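First the structure, in the form of structure tokens, and then the observations on it.
Letters A, B, C and D mark the chains as written, and numbering starts fresh at 1 in each.
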Amino acid sequence: MIKVCFFASLRETLDTSSVSLSAAGLSCVADIVAHLVAEHPSWHDALSQPNLLVAVNQVHASPNQSVNDGDEVAIFPPVTGG
Amino acid sequence: MMSCTVVVSEADFDPAALLSQLHEASPSVGAVASFTGVVRGDVTGTLQSLHIEHYPGMTEAEIERIARQAAERWPIEAVQVYHRVGRLALGERIVWVAVSAAHRGASFAACEFVMDYLKTRATFWKKECFMDTERWVEQRQCDLDKADAWRS
Amino acid sequence: MMSCTVVVSEADFDPAALLSQLHEASPSVGAVASFTGVVRGDVTGTLQSLHIEHYPGMTEAEIERIARQAAERWPIEAVQVYHRVGRLALGERIVWVAVSAAHRGASFAACEFVMDYLKTRATFWKKECFMDTERWVEQRQCDLDKADAWRS
Amino acid sequence: MIKVCFFASLRETLDTSSVSLSAAGLSCVADIVAHLVAEHPSWHDALSQPNLLVAVNQVHASPNQSVNDGDEVAIFPPVTGG
């Protein structure tokens, strides 16, 4: 399984903190996003925002980074701490 | 070997105790540069508080990566980063970054470097809470530009 | 109107109280950059203490002039400078410079500017006291270079 | 009268914190230095150090700055605070 976490405005818009997906057929972060939109058409706009960032196993990553079973993927808006 | 302390917590921190830790840690510390971020009122005067969310685990790991990068660029002794999460009222401390070194140039540069990268890479999100509405803060282009400037 | 506090004293200062003064002074303060200078051990490990002399009156006036110059260059709210004189043991605080502003860039730049000019223009002189001898510290060229760099 | 103050290593070398001089015939800081060396030949070397700084009325000044009766002049080595 792959755990996918959402944060901040994206978490609120999707009304979801995290989902677990079977890793089958998901080779990169972009595949995960496409899969989520296919399963939840109402998530299309929120997950299509061009400024979203991703992390794989708690390290910043690009959407084409490969993913494996057991990975933790996170999708979130630009950070605004400090 | 640089020492690095990263704490993300709802609790406030004590700048005096943190400063003392840094300069009592080693006789070779001659300089401590520090930065305190504070919840600032907005121009309309209607901001009530901030709510800060973060990504537990990644936040701490990312800040530590930033601190290690600073230690590769400048001869520094220790880095402290304290960042609060949850609800913060106007005037409350949000963030503390302090860097100790033998000399002041390294401490200033590394402290500003850590703050600039923290702003653009550490996984915190701020929501502004007004009397009757809330709004997620947008990332500012000038913050991205500041972090990018360290690459040159 | 920038506020400026300059204190030259044998007594130690309390960084926590000073920081609180700055960020509680105004709701428009979002950033406080500060610097603490500490008596550092020498490489041979034989330094016992520093003795710091100054020119009463001129020292305070010169630091205030430096702070005013900083306020002309950056949008800052307040500057604090505390500098100790007399005998200081290893690890003791020597100097504190803190600058509050709405935004961090101005606070960092002004704080470093004040420290760099304080080093080259404020009328303090340090004497290093060893077990069996004393020696006036020589001004370092790199300190002059740092201050000069702000002119460009 | 003009008060002339010495600090740090210069004060120690001269073994003097300050002297008062009649302003007559002293038009600038360099005149004061020449006058002091004439009165105290043993001060020649200390007052000839090329890196000495001067202040007039507690403001940094150059050796050719004019001085007037009642002024406070200071002569000192490069500063080393902070």
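The rule we apply is simple: contacts are C-beta pairs under 8 Å (C-beta built on N, C-alpha and C of every residue); 3 or more make two chains touch, one makes a residue touch a chain.
These numbers come from a predicted model, not from an experiment.
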- prompt: Using mean CA coordinates as chain centres, what's the chain B-chain D distance in Å?
  reply: 48
Task: Provide the C-alpha centroid distance between chain A and chain B, rounded to the nearest whole angstrom.
output: 26
- prompt: Taking each chain's centre as its mean C-alpha position, how far apart are chain B and chain C in Å?
  reply: 22
Message: Where in chain D do residues touch at least two different other chains?
response: 82
- prompt: Which residues does chain B have that touch at least 2 chains other than itself?
  reply: 37, 104, 115
- request: Could you tell me which shape the graph of touching chains takes: line, ring, star, complete or other?
  value: line
Task: Identify every two-chain combination in which the chains touch.
output: A-B, B-C, C-D
Query: If you look only at chain A, which of its residues touch chain B in the complex?
result: 5, 7-9, 51, 55, 58-60, 74, 76-82
Statement: Within their complex, chain C touches chain B through residues 14-17, 19, 23-24, 27-41, 45, 90-91, 93, 102, 104-105, 107-108, 111-112, 115, 146
Field: Contact footprint of chain D on chain C as seen in their complex
entry: 37, 52-55, 57-58, 61-62, 83, 94-95, 115, 118-127, 136-139
